[in-house]
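Okay, so subunit A shows up in both of these, paired with subunit B first and subunit C after.
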Partner chain A sequence: MSTQKLKEIIKQVLPDVETVICWQEGYDKLNVTPIFITSPEQVDQVVWNPLCAQNLASYLPSQKKKVAVAVKGCDSRTIVQYMQEGLIDRNNVVIIGIPCKGTVSKKKVQKAIGNEPVEEVTFTDDAIKVKTPSGEKTLALADVCPTKCTSCQFPTPIVYDQLTGDAIKSDKPPESVYADVVELEGKTLEERKAYFASQFDKCIRCYACRNACPMCVCQDSCIAETRDPHWITQRNSLDEKVMFHMIHALHLAGRCVECGECERVCPMEIPVAKLKKKINKEMKDLFDYTPGVNPEDKPPMYTFNVDEAKIKEHKL
Partner chain B sequence: MADKGYLPKEKIKEFVEALGKDAAVYAPCLEGDTITFRQYTPDKEISLDRPANTPPKGAIYPQCETLLSFEFKKDAATPQKMDVELKANTDFPKAVVFGGRPCDAKGFTVIDRVFVNTDTADPYYKKRRENTTIVTKCCNGPYAGCFCVGVGGGPASREGSDVVMTEVDGGYYLEAVTEKGKAVMSLPIIQDGSSYEAKAKQANEKATGAVRNPFPADARISPELFDSGDFWGRVVEKCVSCGACTFLCPTCYCFNITDEQAITTGERIRSWDSCMFQHFTLETSGHNPRPAKYKRFRNRVGHKFSYYPEKYDGAIACTGCGRCIRYCPVSVDISEIVGYLKDPKADPKQWAADKKDAKN
Partner chain C sequence: MRVGVFICHCGSNIAGTVDVAKVAEEARKMPGVAYATDYMYTCSEPGQKEITDAIERDKLDRVVVAACSPRMHENTFRRTVMKAGLNRYFFEQANIREHVSWIGLDKELNTTKAIEEVRMAVAKVMKNKPLFSSSFKINKRVLVIGGGVAGMQAAIDCADGGLEVVMVEKSPSIGGMMARLDKTFPTVDCSICILGPKMVDVAQHDLIKLHAYSEIAEIKGYVGNYQVKIRKKPTYVDWTKCTGCGLCMEKCPTKNAYDHFNFGAAPTRAINIPFPQAIPKKATIDPNYCRQFVKGKCGVCAKVCPTGAINYEMQEEFITEEVGAIITATGYGLMDMEKLTEYGGGRYPDVISGIQYERFLNASGPTSGHIIRPSDHEEPKTIVFVSCAGSRDKSCGVPYCSNFCCMYIAKQAILTKDHIPDSQSYVFYMDIRSPGKGYDEFTRRAQEEYGAKYIRGRVSRIYPKGKKMVVKGADTLLGTQVEIEADLVVLATAVVSAPGAGQMAEKLHISYDTFGFYVESHPKLRPVETNTSGVYLAGACQGPKDIPASVGQGSAAAAKVLSLFSKDMLESDPAIAQVNTNNCVGCLKCLKTCPFQAIVEDTLRSGKKVAKVIETVCAGCGVCTSTCPCGAIQLQHFTDNQLLAEVNAICQK
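Take a look at the complex of A and B:
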């Protein structure tokens, strides 16, 4: 199992870095939480299983010193995008790549087990077994994985220094990535408006989506909160909520690495990633660009061509 | 007219509609996979299956409320003079909070000490609180993260509720806790429930026994560990500084006041603030007394488990509802952190940063 290999690699790289960022068991068996390893004794606490859904690469820009980080394929796109945007110094990051066959959505599992407290969790190749006070339930990983895993194109990290196992090739068709967006596009404007209104109405403006987003770089200066200038009111009407989510989505145009953190962390279970995916799809059509894939790429909104192939200019 | 009533499960909707005859009822409503407190209308689906994602706090202490509206008017006689006309918001209709949990109801008692039981009561909260009846559903058992018994509550605690309901054979056993609760029990839909009392008591005891208590009994917070920057740096390192924990908390009551102005008209609104945000207590001068993440986080824990208890006879400003744990993006567990602080063997040296400065 690659957990053992992961621990070995961590022990090996630890002397060269200040911290190794990885996962450990959380407050119950269904939860994992980040661990910041600074001493060899902590390495035994490391876990690797499909519950390790969190994108740990998000912590990199705030690290001041040399660190190592464990990343899945999807998470590695964050690092690539950081490199493109100059947000990290690649020389200060040791990337421990983990080939991943798919993660588990805690929310989907909880729903499937009727929100009972979890006593024990075990995994087989394609299923998760959850023990609760009322018995054991076996759930197929395919049924409880986050949406992003159903169309994963990058099961193996794109960049890494060490790999914990053999590289895996994607068996998902590329066109499946935007299947949910295509479905939404098939609806009428009124239907789409009603859909987003009912979803964003649940927003409590806690900004978990923003703070968990690896590419949200404004952070403390976010215009959703600044007092001076006072861009958006603090009212909690639907208009204000939609305004915030639109800003979030637009700031990620051609930058969103589709890690799904915004959606994973939303306490109100709003599909916040949909808007961003829609914009990414447009960017793909316009500029044939996929964020976070090639470190040498320049994000399309960071540059321009005098004549863009697919943008019709107003000719005066 | 008994103090002990019974309501069959299938009559919940009817009961809520009866409560809503002369009041706005806030109930846990199912929207997709989310359960959130909404003002009940017949098209909504009430769910009592699990605690709602949000507490019902907003029914009495809204996330955003208008304190007053204002309008600037020119004085016709002296055009260079502007008068401002103020109109206070005094609209506080009768309300019922239905289907919250005992931890949610207890949350209101935490806010009461600050906003009502003081010589400078907050008129908005006070009036709403007076006009609200709280009908609480006891929990059948704990949910992920729950630790109500560790902070003096319990899955059948009556504190803060006017009526408590316990799930028994195909329905709910209801008990009035206050005079307001007795008025609810006089509704004709409530049947006599005396025969269910023993069963309900048994269910309550079973639920109470199943909840974890993460803290050693009578333990106090170690001031040395509380003051240790290394400790906070370590336990808070993974926090992403979002406001989910505070906005989902039934007891957090910090607020911000802003004037939302158009050209000549506007409103002064009060909205929830969160000590997790960088702007929290940012001063006009630009000075920020809590510039680092760990300092803000320490404020949250300190407020609930240290400063508030010091001020209010040892009462803890946390009801153990578990939402901040359950919905934390990175699974930060406040009960684990307070557990370290309350550990009689707590020693700041154990947390000393060995290789790096963890304070970021």
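Take a look at the complex of A and C:
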């Protein structure tokens, strides 16, 4: 299994780097948390299974020294985008790529087992077996995977220094990526408004989506919480909630790498990535640009071009 | 905070459709407003005194004037509040004339909107901060782009005024369009004879530095301190050695090169000197036609050149000039007559453009001043002129009048009669536009003394019939169709913006209209200024213009530069971007999007990377502020909070 290979690679790169960022088992068998490996003894704690959903690349911009990081295909887009935006120095990162067939949504599993305590978790090729006090339940991976895995185009990392297994090709059609957006576009303005109102109304402004977002650069200076400029108040109203999500979506215009972290961490199960995906689709149409796929690309919103081929209003 | 609000009647301009007394009454109820009144003409001296008195009497610390556009009187009122001891940025102007009274007739609606405008201005002025400008030194050199008659006039006037001038001309010689003309209207004097002395002045003036066959690659900086990167195109002839003897041109075996100077009226050699009076009178090789470049061997010119000036290896060269002001005199272009398919220009050799005909008339033109039919080189007897060929025609994308075609057609009709006394000219026209001094008399002379037959109507089609060209059109005065069998047809092709005008405007950061003509600061009162301080316009780059108007504007632009340079220091505009380093996260998105390269990366003592604005370079456009995700970079006087205050003022009642 690639877990063994992963551990070997970590042992091999550890002397050259300050830290290796990987996954370890969390407080129970269904939880996986990041581990920051600085000594060889920690390597045995490393796990790799479909529960390793966290996008560890998010830690890279805050690292001061050379680090190694384990990434899935989807996570690698974050690194590519960081490179495009100059947020990391590629020479200071060792990328351990893991070909991934799909992750598991912890929340979906918990729902399926009625939120019972988890005693044991095992995996087969296409299923997850969860043992609880009331018995064992087998769930198909396809039923409990996060939305993003159903249309995954990059099962193998785009950039890596080492690969833990053989590269996998995507078996999902490219159109499937924006299928949900297309479906939403088919609805009337009123229907869409009602949909987003019902979703965003659930928001408790915990900012987990923002904090988990690898592309959010403002960190503690988020304008959702500043008074200068005072764009939104702390009032508990739909307007302010929508405003916050609009700001986050617009700050990610042409930058969202669709890692799904925002949806993964949302305690209210709001489809927060949907707006961002819609903008990505527009960016694709307008600038033929997909975030985080080619380190040589220039993000369109990071440039000043007077003439854009597909924007008609301004012609030289 | 004590805000004073002054509502201007502007005579009946505003008071006619806005209940100004009600606006003042409502203003009094707005939070922060200590005093509000309406006045007949707030910009008048007593009107301004009303403001200064009220500031003193009512202890006002902020002032709002609801009147015309700030582009008219913002400076007036800023000075007024300054006189009364307030910072000039504690003033806001609500535009209730251009934005309200002039655009609607419904008094009630207008009054409501005017109140809203005032409410916004009051909300903003309370968020305003005092700003102070600093001063900086200016480089008293001027760049003139374009060596046509307007550019030359501007350069000579600036140089005579003691300024160092850098002139950049894209073609091998200065002279522009006027150098191509045979005669000028309405005096019918020789064009090059009156232009020649000016060209010599430019060449000989100690203070004028000419870069011919060069283009502007890049412009950096701001009023007073521009760095201009100039691309010197390779001429493949060492101009320090070339004596302009013309031997190379005589011997060049390539005889089919496109003649840019003659607008393709006849082919020329691959190495040429555009015209006898050219300045500099130096040869240039056209690598698109030269056999040495196309086929890789020839070298005839190198062999015959007595001074060994030919250098096929020459590369383009970049030089940088530092200047303090820029005069743009890039001129105009002409519509490609092939666009007018119904007239057959480009398809039939005997349908030519006005400028080509001009070259045929000229003694140094391709035919040495003999009018010929290009198809068989015979002398034409019946010549038809078609005015508005493309002009005033929305379907051609040129809804405007090309300004001088009526006049040059009349001139060409007169000259045709002079050249070929037994010829007959016909002129198809829409209207005769001849408003200049002596112009109308001139067009009458063409008809009455020179017998040109003027037909009011447009030409629908031109097609060949044997050796003749049939011009089919309408005579709207007689209400009939006419057909004229002509030997030669001359199209007065529409005047369009110079090729690449838009790109040049982007380099200069000036506005241009949908047709590519540059936009002046005010169509009546600031006709040679642009909205970018330090950049001025001269000649037809602003719109179709005849010679006297171009020369006048050239001089006017020079006067503007001279008055700008009469000071040693310039005041900077404090309404520029500023970084709050506490909030800046150093993502440097602003640096990448700034169109003026006014933002650099800076490291604080703590080691934190932040953006830094170079104050003098920032133009206050605000691209960075809308790019910054955390609102750390703010455009002073237009901060997010100031604009949000305005938004809140109209959204919350």
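Here, the second predicted complex is superposed on the first by the 310 of 316 C-alpha atoms of A that agree within 3 Å, B and C clash if a C-alpha of one lies under 4 Å from a C-alpha of the other, contacts with A are read in each partner's own complex, and residues count from 1 in each chain.
As a convention for this text, a contact is a pair of C-beta atoms (placed from the backbone, for glycine too) under 8 Å apart; a residue touches a chain by one contact, two chains touch by 3 or more.
Since we're looking at a predicted model, the values are computed, not measured.
S.K.: Quick one: on subunit A, after the overlay, do subunit B and subunit C clash, or do they fit? Just give me the call.
M.R.: Subunit B/subunit C on subunit A - fit side by side.
S.K.: To the nearest 10 degrees, give me the subunit B-subunit A-subunit C angle using C-alpha centres.
M.R.: Apex at subunit A; the opening toward subunit B and subunit C is 110 degrees.
S.K.: Applying the document's definition of touch, where does A:Ser151 land relative to subunit B and subunit C: first, second, both, or neither?
M.R.: neither
S.K.: Return the chain, subunit B or subunit C, that is in touch with more residues of subunit A.
M.R.: Of subunit B and subunit C, more residues of subunit A lie in contact with B.
S.K.: Counting only touches as set out at the top, which of subunit B and subunit C does A:Thr19 meet: first, second, both, neither?
M.R.: A:Thr19 contacts subunit B only, not subunit C.
S.K.: Given the touch rule stated above, what does A:Asn49 touch, subunit B (first), subunit C (second), both, or neither?
M.R.: neither
S.K.: Touching A:Ile204 in the superposition: subunit B (first), subunit C (second), both, neither?
M.R.: first
S.K.: May I ask you to decide whether A:Thr38 touches subunit B, subunit C, both, or neither, giving the answer as first, second, both or neither?
M.R.: In the superposition, A:Thr38 contacts subunit B only.
S.K.: Per the contact definition in the header, classify A:Pro267: touching subunit B only (first), subunit C only (second), both, or neither.
M.R.: first
S.K.: Considering only the touch criterion stated at the top, classify A:Val217 as touching first (subunit B), second (subunit C), both, or neither.
M.R.: Touch partner of A:Val217: subunit C, not subunit B.
S.K.: Figure out whether A:His230 sits in contact with subunit B (first) or subunit C (second), or with both, or with neither.
M.R.: Both subunit B and subunit C are touched by A:His230.
S.K.: Considering the aligned complexes, could you tell me the closest Cα pair distance between subunit B and subunit C in angstrom?
M.R.: Taking the overlay as described at the top, subunit B lies 5 Å from subunit C at its nearest C-alpha.
S.K.: If you lay the two complexes on top of each other, which residues of subunit A touch subunit B in one and subunit C in the other?
M.R.: Residues 219, 226, 230, which sit in both footprints.
S.K.: Which subunit A residues qualify as touching subunit C in the complex?
M.R.: Those residues of subunit A that touch subunit C are 85-87, 216-219, 221-223, 226, 228-231, 251, 301-304, 306, 315-316.
S.K.: Using the touch definition from the top, list the residues of subunit B that touch subunit A in their complex.
M.R.: Interface residues on subunit B, with respect to subunit A: 31-34, 36, 49-50, 53-54, 63-64, 141-145, 234, 237-238, 240-244, 246-248, 256, 258, 260, 269, 271, 274, 277-279, 282, 323, 325, 327, 329-333, 335-336, 353-356, 358, 360.
S.K.: Going by the contact rule at the top, pick out the subunit C residues touching subunit A in the complex.
M.R.: 502-503, 506, 580, 582-585, 587-589, 592-595, 623, 627, 629-632, 634, 639-641, 644
S.K.: Inside the complex, what are the residues of subunit A that reach subunit B?
M.R.: Subunit A reaches subunit B through residues 18-19, 26-28, 30-34, 36, 38-39, 54, 58-59, 62, 64-65, 107, 110-111, 114-115, 117-118, 133, 198-199, 202, 204-208, 210-212, 219-220, 225-227, 230, 233-236, 261, 264-265, 267-270.
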